[in-house]
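Letters A, B, C and D mark the chains as written, and numbering starts fresh at 1 in each.
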Amino acid sequence: MPLTRQQALEVIRRLTQWGSLDVLGKRLAPRSPDDEPRPADVPRPMDFSREAHAQRVAFVEAMGVEIPHLTQRAEPMDPEQLHGRIEQFIGMTQIPTGLIGPIRVNGVHAHGDYYVPLATTEGTLAASYHRGARLVSHAGGVSALVTAEQVQRAPGFVLPTLADAAVFAAWAVSHFEQFRDVAATCTSHGRLLDVHAHLEGNHVYLIFSYHTADAAGQNMVTLCTDAICKVLLEQAPVKPTQWFLEANMSGDKKATVLSFMSTRGRHVITETTLPRRLVERGLHTTPEAMAQYWKMSFVGGAATGSIGVSGHVANGIAALFAACGQDIASVSESSVGITRIEVTSSGDLHCSLTLPNLLVGTVGGGTNMPTARECLRIMRCEGSLEGKEQSAKFAEICAAVCLAGEISIVGAICAGEFAEAHLRLGRPQAK
Amino acid sequence: MPLTRQQALEVIRRLTQWGSLDVLGKRLAPRSPDDEPRPADVPRPMDFSREAHAQRVAFVEAMGVEIPHLTQRAEPMDPEQLHGRIEQFIGMTQIPTGLIGPIRVNGVHAHGDYYVPLATTEGTLAASYHRGARLVSHAGGVSALVTAEQVQRAPGFVLPTLADAAVFAAWAVSHFEQFRDVAATCTSHGRLLDVHAHLEGNHVYLIFSYHTADAAGQNMVTLCTDAICKVLLEQAPVKPTQWFLEANMSGDKKATVLSFMSTRGRHVITETTLPRRLVERGLHTTPEAMAQYWKMSFVGGAATGSIGVSGHVANGIAALFAACGQDIASVSESSVGITRIEVTSSGDLHCSLTLPNLLVGTVGGGTNMPTARECLRIMRCEGSLEGKEQSAKFAEICAAVCLAGEISIVGAICAGEFAEAHLRLGRPQAK
Amino acid sequence: MPLTRQQALEVIRRLTQWGSLDVLGKRLAPRSPDDEPRPADVPRPMDFSREAHAQRVAFVEAMGVEIPHLTQRAEPMDPEQLHGRIEQFIGMTQIPTGLIGPIRVNGVHAHGDYYVPLATTEGTLAASYHRGARLVSHAGGVSALVTAEQVQRAPGFVLPTLADAAVFAAWAVSHFEQFRDVAATCTSHGRLLDVHAHLEGNHVYLIFSYHTADAAGQNMVTLCTDAICKVLLEQAPVKPTQWFLEANMSGDKKATVLSFMSTRGRHVITETTLPRRLVERGLHTTPEAMAQYWKMSFVGGAATGSIGVSGHVANGIAALFAACGQDIASVSESSVGITRIEVTSSGDLHCSLTLPNLLVGTVGGGTNMPTARECLRIMRCEGSLEGKEQSAKFAEICAAVCLAGEISIVGAICAGEFAEAHLRLGRPQAK
Amino acid sequence: MPLTRQQALEVIRRLTQWGSLDVLGKRLAPRSPDDEPRPADVPRPMDFSREAHAQRVAFVEAMGVEIPHLTQRAEPMDPEQLHGRIEQFIGMTQIPTGLIGPIRVNGVHAHGDYYVPLATTEGTLAASYHRGARLVSHAGGVSALVTAEQVQRAPGFVLPTLADAAVFAAWAVSHFEQFRDVAATCTSHGRLLDVHAHLEGNHVYLIFSYHTADAAGQNMVTLCTDAICKVLLEQAPVKPTQWFLEANMSGDKKATVLSFMSTRGRHVITETTLPRRLVERGLHTTPEAMAQYWKMSFVGGAATGSIGVSGHVANGIAALFAACGQDIASVSESSVGITRIEVTSSGDLHCSLTLPNLLVGTVGGGTNMPTARECLRIMRCEGSLEGKEQSAKFAEICAAVCLAGEISIVGAICAGEFAEAHLRLGRPQAK
């Protein structure tokens, strides 16, 4: 389950860091553009001209974010700087990147109006997310909250007998404190949070869960767990005949049901309520049609054995991850989510999206690639800041953007505009 | 099920296009480097210097493939050319791309030795896939075969009653020929293959399956199905009260169990057998250890509710998709697979990988982006060629590369080298 | 998918056997008790006295159904008659059996008011299903329709290579007609409907689907497939090195996602609409609360990796299967289902239940046990009747009963009466 | 995960209750029939005559277990005694019950040779389990160990906003001690073990886990959770707009992936190793063939979206549950398991079965039905004994029997005897 008793205390800490619970309620509440005006939209949204492009670049740089690498004005990177990122480098794959927003996010960590870069070659995608971002912002924004945060590594051990396996598992789990200290010698940022054992016959899986600070943390958990296992193998009262540093119980780069039981990355909940009028004017459909769609889609997901049920979260995650230097292979687990769409008792549209597995980081991995750094800077999520949780902030924005995208695509399907939009924006056009 | 009776005939066609079944067996059989020497390896594999980079670029261009965009020598793209690919363009996200190989593929469509570009920021990834590619090539290569090919769109219909739903579904499914003709008016390349109905209470889901030629085809199936639905709604004897062009039963950009029942994209099977000596020398472990790992990993997958069970297929798919202009969001469904590792009766290592859902294309979508085109050209998979199935060829190479990656990572875990490799290659290095 | 084009024709046959499609609509439509009065309720529902029991027995026998075995008036069975049902017989397990109803079913095959026996030791269960049955009957009954019907057996074959596997699979699937003839020599009632192949590396799974007439058919499909495999192994152009009559791809006695893609047993859809007033008076809650519950429960199912999402279908299935001589182990697959609960635009409550895998029979297996035969006779579903589909009739009643049970339990949960009912009826009482 | 740190301590307690860990290893180790002779087999196994039946009854009664109800010598039950078990009672469903064994179990709780009653109408089933029980006993028996024990109830709460939901969840989880005290006022046997929260948008699911002593405990957890919720709703700082005592996150009577993450009932691991010679003589096949079968079956399970992967565990569970007064509907979750079959380095056959969800009790529910009590008595698992864990003992026997059944069916499939056995034993025979 995402929230153990231990984790609940952490959530309380988060919730109250801005003051009492009342204050929190206010921080997450919608902020109407009537009271707090939205910043300007990204300029010239449906304009594909050189001028429009230049104007958008100027717009970004006027915010104080230089983007020489995105715009290809900067010198190509020195290959020698790519050690640790790529082997046998031949060049740079280029993926066109569009800017959407601003999207208003009312989160604990992300609290403001954000412009968001999306890297994709699927025409319509950026336009659709932009439409969603505008709508939710007009409705006061998206409430968003990171709850649990952890990343796992799950070594496996083959024991001679089932009795040995039980002894080994019980021994290991009861030596948590020692392992926590071992982990502390391997990383100055992360920390071991917990360890569980899974017994299957004479096999033992240990699931080590870490907080990885502002890093996505896959390497960190690998190195720490390797160190822990060495201690464990030396000291355990019974010895495995074989062991493996990862035995496929961590959910690493895979969609698994584990997603919902044991957060991998960050568990983020979001919601927004669109007034009926906004649905009708902005999406050309009704709250009832969208709620009906949700029911049909949810049953469709259940009947096809889907992990989680959502619209097209993978589109938003993939575009954000590519732009922001995240591990694209983790689209597999990060795009698992549950979208919910309902008509409120007053006839408005309540939408929520829960992403239990958002594996993101603002330091390490690909985040120090020049274009990724520029993209993170546009979102004000760069690096690691004293006293701030940048990754949690980034996670809240990602989830808010994905919720906006869910609303936009469901609206398009309900209004019968889905095919037409792809006809218009999803194919190269004669000029 | 991936292979209906109708699809079996298609497989027979594929299998015999090169002659009798005996000839096929030969085409898919290993070709020892002793008999057919491997082309040269990518130059200077673990060298991060500028010179090594230049030498690799020269190596590629000496093959006759110019790569001005990958190497950033070419002018940036004109934003106006990006209509249909991105809206609100601000610039190009750059992802470092490494070259691995050659990998020997003994497929029906892909038959030769291929160099493969991988775009990633995860250090170790390209090195690990390169190691795997070398190993499988030394063992004579990877047998690979595309079987089923189809892409779905699944509209949903709300009927007044269950009786209406049954009538509607039965009527729709029995008008297949008419819908096939409608589809034919929307696309000159693709064709409607089949239609199924799914009845849930008073809801009907129709699943339309298309062959999309060398395109990935998501837009094609959207536009064709939209046209079909318009005819259907006009003519059906009972009318839905609501309908949706996609009702979440197509597996679009999601990992679902449907993957194994109803191919989305291409269903590819691959295998290779590594002699014991090669496992010991190349991977520093034994076939027995790797087979044991497989069992432990497979149970791990089953116990976590994984869709398919594999090692890190998502890594290979994500890196190939990013480099080659595929839809990165489709990593979700395309990376679903089943890896199998066994010791043969003669003590060697048999490995197979089945990817039931490889959603790839060599035309359309992002494939006409300049760096994507260069990458596809390096793999000799560019565009659409008269009389050749380029996408099937590309799919066979992708799957072979992923199998090589599975072998490499499992070998590293069994040899206890997994953490060390990431320590060495997964972090930025002081020079 | 449950409904192929071939199966659609079968559905059309079913739907029109009573006349035109208009006539069908009428056959499945609600029949108000005002127009067609309900038969009397089971006497003295909450009375646990000897007299009440005697009165209920008299009530059943007055319908013309003698129940000497249920009432233990008959002589115990001769052990020698149990050959084929049990080995090493020591005696008879006795499970208390209650009678509920009548439940009005408006099905194609089941069309009338039925009394239903339920065998269980879970107090509250029979009372709750009885309440549900009364409610749906007051609302005009449950519409019910069997669509697809088939049972699978899935042998597996190990081939020397992937190329051999492809040749073997293609050959097998294209020899369907021959296999159908082989099957016809093994059974006079059933028939082979289709064969699919599943290719995984060098492994081939063949999925043979049969119509098993009024039998549940597990033995029939085993024996027919064994005979087919013998022919297949003799004639196939390439020979497997090993084969297994069942390789775990038939969904036999397991909950699998396959349930929704490929009916095992019978796929039944049901629905009913309860007027708001009936919900308020009969269940002490509102349509809105029940619809809200459904959403919460559905998300709960999705987040726990449930196969299908329902309330407590397994309770109804287990009680019906135990009473009626069905294979209790098939509760695993038969209780998979999807319940849907919605508020209609006029404020009433629409409920549907789809059971895709109802593995039932009215002949063979345990159905000839004396108490089972009495129970089937009470439901007018005994044996096999010329020109009638008794198993389809039984399936429609089962599904209708389960829908009634879903409504009753959700109502109890929403009204806050769930715990209280179990306190009152779920524990032995001092007299 | 089944084993939290807290649960690990419980396992250590179990493991060491017989002395040091060395002593435990001995308690779970195989005991060869050469050293400790097996008690006599059930008399005249394949004999369906009246005499054979009488001899088996005499055999059971000679053990000191009277079985007047199983043999139908006793008077029928007084209907008035059925309050709490059934409503609207009309009579007793009778299911033929066979006796198998003895099966040697080397468990922590079950330690001895046990005769086991199975209630079924599927001919072949009892014979097959009997064969398996003999084989594993000849090999020294089945090691078996209960690890985690708990049953859940999962109420759901609708909060006005996501911020309220987070506050509510955090508040609830941090008031565990108070809820534990509330639970203690509702039950003298069970106790609240833990509480987790699951946040989805503005919805909160609380998962309460209980130890239910020797009862299966479904009613106990319902009543305790109801009491807790009343306190919770009164005291929580924010109030739900709606709540439901169970919101489908407990895995109640459903196969869910949750099974492997969060034990429902008892998590039991078992194993046995059959010498090669025993496999060849007793099963007419080889360890290699059975290990190959396992691989094929496991992939089959993965590809069909099976929850857990086993042979026919549901058969054993259903027959045991029916005979022993367990809740038959819980076959759904209890039959979820993972079977593993491997060749050891010395060429023998290692088999293990893990059942993570065995929901059993020896008191309460149907266990006080006369025939159930007789069956439990035959297994020496009746009721609740001071200082003994009867339910854990029963669980270990159940799992051992299921492992024996797995070995027997896989042996039959590998030897090509599966169809023949069903032909001989699965159909009524002319005498």
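Following the convention adopted for this analysis, a contact is a pair of C-beta atoms (placed from the backbone, for glycine too) under 8 Å apart; a residue touches a chain by one contact, two chains touch by 3 or more.
Remember, predicted model here, so these are calculated numbers, not experimental data.
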_Pair of chains joined by more contacts [C-beta pairs], B-D or A-B_ = A-B
*asked:* Rounded to a whole Å, what is the gap between the Cα centroids of subunit A and subunit B?
replied: 24
*List the centre-to-centre spacing of subunit B and subunit C in whole Å, with centres computed as mean CA coordinates.*
40
*Which whole number of Å gives the spacing of the CA centres of subunit B and subunit D?*
42
*Residue numbers in subunit D touching 2 or more other chains?*
198, 200, 203, 257-258, 260-261, 298-299, 301, 303-307, 309, 338, 340
*Could you draw the chains as nodes, link the ones that touch, and say if you get a line, ring, star, complete or other?*
complete
_Show me the residue ranges of subunit B that touch subunit D in the complex, using the header's touch definition._
257, 260-261, 295, 298-299, 301-309, 338, 340, 342
*Give every residue of subunit D touching subunit A within the complex, in rising order.*
1-5, 8-9, 11-12, 15, 21, 24-25, 27-29, 143, 145, 147, 161-167, 169-170, 173-174, 176, 194-203, 207, 237, 257-258, 260-262, 267, 269-271, 305, 338, 340, 350, 352-354
